[in-house]
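Next come two complexes built around subunit A: one with subunit B, the other with subunit C.
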Partner chain A sequence: MVFENKNSHWIDPYTHKFKESFKDINLLDKKKEYWRFASPSIWYDKFTLKKFQETRSSQSIKFDVTNYNFLRFNDGILDTETLRNFINKNKNVEICSFESIFLKKDHWSSLKFCQAQLNAEKSYERPLALFNGFNAKDGVFIKFKKGVKKDLHIIYEGNNKKNCCIRNLFDFEENSEIKVYEHFYGNSKYNVVSELFVADNSKFEHYKIINQDISETVIYHFFGNCKKNSKVKTVNFSFTDTPVRNEINLYLEGTNCDATVASMGFGKKESSICDNTVFISHQEESCKSRQIIKNALKSGAKAIFQGKIFVASKAQKTDGYQMSNGLILTDDCEFLVKPELEIYADDVVCSHGSISGTLNDDHLFYLRSRGIPLKEAQKKLIQAFFSEILDEVSDDNIVYYIQNQISEILTL
Partner chain B sequence: MFEIKDLHVNISEVEKKIINGINLKINPGEVHAIMGPNGSGKSTLSYTLSGKEGYEIEKGDIELDGESILDDEPDERAAKGIFLAFQYPIEIPGVGNLSFIRTALNSQRKFNGKDELNPAEFLKILREKADYLNVDMEMLKRPLNVGFSGGEKKRNEILQMALLEPRFCILDETDSGLDVDAMKQVSKGVNSLRSEDRSFLIITHYQRLLDYIKPDFVHIMAKGKIIKTGGPELALEVEDQGYTHLLN
Partner chain C sequence: MSELKLEAKDGIDQETINSVKSLGESYKYGFTTDIDMEYAPKGLSEEIVKLISKKNDEPDWMLNWRLEAYKRWVKMDEPNWPMLNYKGIDYDDQYYYAKPKSLEKKPKSLDEVEPALLETYAKLGIPLKEQEFLAGVISPENNKDTKPKKVAVDAVFDSVSVGTTFKDELEKLGIIFCSISEAIKLYPDLVKKYIGTVVPRSDNYFATLNSAVFSDGSFVYIPEGVKCPMELSTYFRINAENTGQFERTLIIADKKSYVSYLEGCTAPMRDTHQLHAAVVELVALDEASIKYSTVQNWYPGDENGKGGIYNFVTKRADCRGANSKVMWTQIETGSAVTWKYPSCILRGDNSQGEFYSVAIANNYQQADTGTKMIHLGKGTRSRIVSKGISAGKAQNTYRGLVNIHPKAANSRNFTQCDSLLIGNKCGAHTVPYIENKNNSSRTEHEATTSKIDDDQLFYCLQRGINEEDAVALIINGFCKEVLQALPMEFALEAQKLVAISLEGSVG
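Here is the complex of A and B:
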């Protein structure tokens, strides 16, 4: 393992701490906060077991990144050629692989590393992020300099059935505007931690697509520290038949932050779990946060949403919103929801709601009364159910891509 | 020809009998009006004709050109040319108006063995009809009926009717909630669609719509039955004296 070859590096104390904290955790504890609907062992056991799925679902059509900046991981290992290309093409960006951090005595990331994760640990224990902390083998550490505007696609693919533990760090200096798209394909297992540090007046959009052909578990932790006037949006798309857990912690530590968390999940098999566990921590005044979660479920699929808006006593004029919707297409499906508000300030507007149901009969009849056959009408309404999430996407190519993914699932 | 034969309908959910034996024969080109007090079963009849679930036909038949359509799904009935302009057109968030109408038109064309229209061909036809009916194209880019005013919703119904070119049009209280100008516009749309091979069943509560759309026959419906049939003068009589004298 990478860590063990190097003597005393600034990262070691963190690694050690992760390892020690992880040891103390009982992964089978069924009462564990935020793990009651789905046990951490789902992700831990499956991840650590050597066993892999034999059968693979259909190969997804991949998003065409030719005209974009992109980095590629092959079964969890960063393709250094894509890294070199990226470096050659992009000024005002500092980037290196996680592995190469160990070759450097000092690195800009040493001041940030783990800080967002530690903030997240304050809210509750995150065993699989701890596990990542002492098992990560690769990842990218990127600093976008002041005022940079950029799009970057990160592709995780590969068909060699590997256990991929990946650790990323994104650092955005003031006034930067960055969009990162992450695409997951193939038959490897994933445990990813991404930390982000968003400086004043920066805008960050993050899109993550767990494609249909992912045949193993994915757990993704997204830990963000957001400074004043920053704007962060993270949108998750989950189309796989496997368990996916998306843990998000956004720590709004400056005034006037604007945070959006959105997720679209389409589960179509009993083996499918789409779990969004979201924690938004309002630490300062006048921040806004929105959580919009939509899951369409059929044939025994399950979805989970645990969403919390935390408002510290200092965080007056907080505007928090949370909405989750389940579209239950067959009655053997479950959408388990745990919305929470924890508020210590008095001048606050927070609202939350959760609505689940089947397709609306009156809507179906209206469409059919115009000549649209039942299947087609159902398709239209399912697409409509997700439209609010697609409205969050600013790149039309991604919108088309997602729409096609949904249609593809609907024609299965 | 459209024919309703001794129709008896139950609303399954509440096991309540609403339609109690209706007979009606509508020839191509004819305009029939149905008037009647609230709750007499007019909307129930219109839903039954278009095949909505939950309306159980206890007895009787509905025929198009001598063939029963009772086994046809709502979309099949639509493709065969039956159109219902809803009393309360619903809002469907997330479904774009344009793509909805195009899907509807192409589904019907496919059913009838015709080529589907591509987006350009469709837009051309749509623009023409929208222009004529005074429907704002911008409005059509929005989700289906979402945020439309009452009048806009009704005009959108007529626009769909104009595009789908049905053979048998049912208008359920299309005039309700419209001011005089809006009603004139809607009537203009309907009148422009009148033709030898298209027939109409116009359900209304008020006589005033019939000033603009002249019916050939007027039927008075009460308690799920047609209790009187006449010409346009019957509508005037109702306007004058109300329904009470007819009900006794």
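Here is the complex of A and C:
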């Protein structure tokens, strides 16, 4: 819809394709296996209905980014000043906004744009990502050149109740080491698609923090293609009481890839739905993947995990691991998981586990016998429950920030 | 038996190796029996349903029940969600009823049964004459002090029950063990009360088909407080070509009763696929306990995937009473396609469901099997142990559901599903669904997929065991947990089956 005013452009066929596939099939049919645990309307209706929450759920302390490289989106539009600052400060990085790729005929991104998503759509369609495909208004396209080491924070803010469809593309050349932190705040609705191309020997860490004050929804699709010896880690933190859908698709296309997907969620209200849908496809030999999902649930909150490890017949020596834990704190919560393995190679080690239940009585008793009051003991155990996810974070400032958020929720 | 135990401690189970070696042929139940058969016309219509009902001399309520199911079935679609890939079944090219002509008049005793029929069962190693023990399983010398073991058998040949043994002895205790067609006539109230209450008439496509055309099967009723003194067992045999077998089994264990039930299945080798769609319903009332064991060894098709049985079975247990218990044990080695999810509805407080399964798929076999544990009552417990083995070009899927309802407080589930892959052209898949909806319950699930450990294989080879035997040995170890849950009568047979099914899959 956004592109209709422009002259024809290389991007148009993609937009058209997404629009058509979205129209073609009844993708939002809630009887589909894809929507088994949560109806698509939970998310989709948010973008079609103009209704917004009247009150902000709660304020959250913002992470201080002044000493970091950062980009900011206001109500889904990239703040050009932050973009200029970034360009001035950083070499060996090519960056532009989604809008500006229209200005150049042969933009470097034209070869990659939508490729990761289309690759993933081959196995099954992701309706909400298709929706993004023909509704995206802005985004950031970044290419990190060979050997670059960088941190980048991206802040999504908005206080004007807007629908924000954002499309990002991250391209890493060989031997680069990049960390991207994404922070979500405000009362806008977010539908973000990030595509990721990790070249040989590159390392990419991705952290996404969905803060407490998000009052509508965040739908995040992450499509990654990983080449030889690359290392990818994506960690999701969700503190909001609104529906969040975190969808990760990683294609390990080269040998010796290493992929980690971690997600923690703390739901405290009935309106809280934390949905993690993960698909990791092992296409080549000797790749390793790990998925760790942890959800604490209170007062009617719901957590969903649909994870799949796919191992193609030539992907021998695969090491796949999947763990989903649900900590159910009150009686009316639901923890729904479907950890799947689909394996066509014989020399593999794949395992998955899932445990759900409440706090361990023995652990509580131990702490109380040491003189710690019940409430305090419960808090400690909940913090300990999440510690495995925090271990994945390499930046100490972020670890403190997350720990503070958790304790803030626990004192509520 | 003590001798066997000693050797097992040494790490090598000599018995297993011997049994593997002694079995030369790959599917030894593949013979056919030439018997004059009486068929209903091919295809499925209301007339066929009426005919089946008439042949069984059924009362009107049963016929209406069937017709209602048929009407529903016509409107249903075959499910396409399993990970199974097979040519569509032509439901009009099947015989829905086949009966040996000699059984036109129901024989009064086994002496009146046609010798060819009895021979068939003799060949399968199933004693239809009342026997004190199963030959070859428990040798009398080792069991001098113990009481001889008895097994009552109901044999179903194509569409009809051939005969049931030990009926009199069971009757003394008030136990009813007969074919379902007899039960409909003799105990209509019991059948009426329970049939279709666990697996509703239109539960799924295949159960609905079964409800319309089921021809025979077993019926068991254990009265209150009775512990069934012997194993009850049914042997199903498909013999006629192009014939679907649709049996229906209904087991009711009244309060504080116990029964162990065994089920075995074989079929001849034929080039065409044959359809088998059974329904099994178990009802366990207060403090009752049912143990249901299956060795499914339908013809799996040849090594090129030609022929074999399409096995679509709906099995479900309803633990209605408090403290009731149901245990499913299954060894799935046969069938070209298996679609089977023995489930437990844990309705009674503190009821317990267990599921032990070994599913082996070789050559072009495909299996999509697992279980459902639905926790409704408080303090319900379930345990799932599933072992899947894929070899050749086979696909093996575990599909399971554990659902703990908000009101099922203090429930527990433990699930373990392991898959083993032999060769890189096969597939092993795990699709568990775990839904926990209250905070006092706990679910645990673990699954692994791997190949045969090189170290274990090396150890066996180095001890002079050839590769194929070594693999059989390791696999037996892999399945041990499940094999141990089987009644003695089946355990050895199952162990042999595991070895046969994988023959030729190594190297």
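One rule holds for everything that comes next: the second predicted complex is superposed on the first by the 407 of 412 C-alpha atoms of A that agree within 3 Å, B and C clash if a C-alpha of one lies under 4 Å from a C-alpha of the other, contacts with A are read in each partner's own complex, and residues count from 1 in each chain.
The rule is short, and it goes like this: a residue touches a chain if its C-beta (ideal position, glycine included) is under 8 Å from a C-beta of that chain, and two chains touch if they have at least 3 such contacts.
As the structure is a computational prediction, the values presented were derived from the model and not from experiment.
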So, after the overlay on subunit A, do subunit B and subunit C clash or fit? They fit
Give the label of whichever partner, subunit B or subunit C, reaches more residues of subunit A.
C
Check whether A:59 is in contact with subunit B, with subunit C, with both or with neither, and answer first, second, both or neither.
neither
Just checking: does A:347 make contact with subunit B only, subunit C only, both, or neither of them? Give me first, second, both or neither.
second
May I ask you to decide whether A:366 touches subunit B, subunit C, both, or neither, giving the answer as first, second, both or neither?
first
Going by the contact rule set out at the top, does A:339 touch subunit B (first), subunit C (second), both, or neither?
second
One more residue to check, A:388. First (subunit B), second (subunit C), both or neither?
first
Go through the superposed model and pick first if A:376 touches only subunit B, second if only subunit C, both, or neither.
first
With subunit A as the corner point, what is the angle to subunit B and subunit C based on their C-alpha centres after superposing, as a multiple of 10 degrees?
70
Report for A:160: first if it touches subunit B alone, second if subunit C alone, otherwise both or neither.
neither
Quick one: smallest Cα-Cα gap between subunit B and subunit C in the superposed arrangement, Å?
12
With touch defined as at the start, can you tell me which subunit A residues reach subunit B in the complex?
361-363, 365-374, 376-377, 380-381, 383-388
Residue numbers of subunit A touching subunit C in their complex, please.
33, 36-37, 313, 316, 326, 328-358
Subunit B residues touching subunit A in their complex are 50-53, 73-75, 78-79, 83-84, 86, 89-90, 92-95, 99-101, 103-105, 107-108, 111, 143, 160, 164
Within the complex, which stretch of subunit C touches subunit A?
81, 406, 409, 419, 421-451
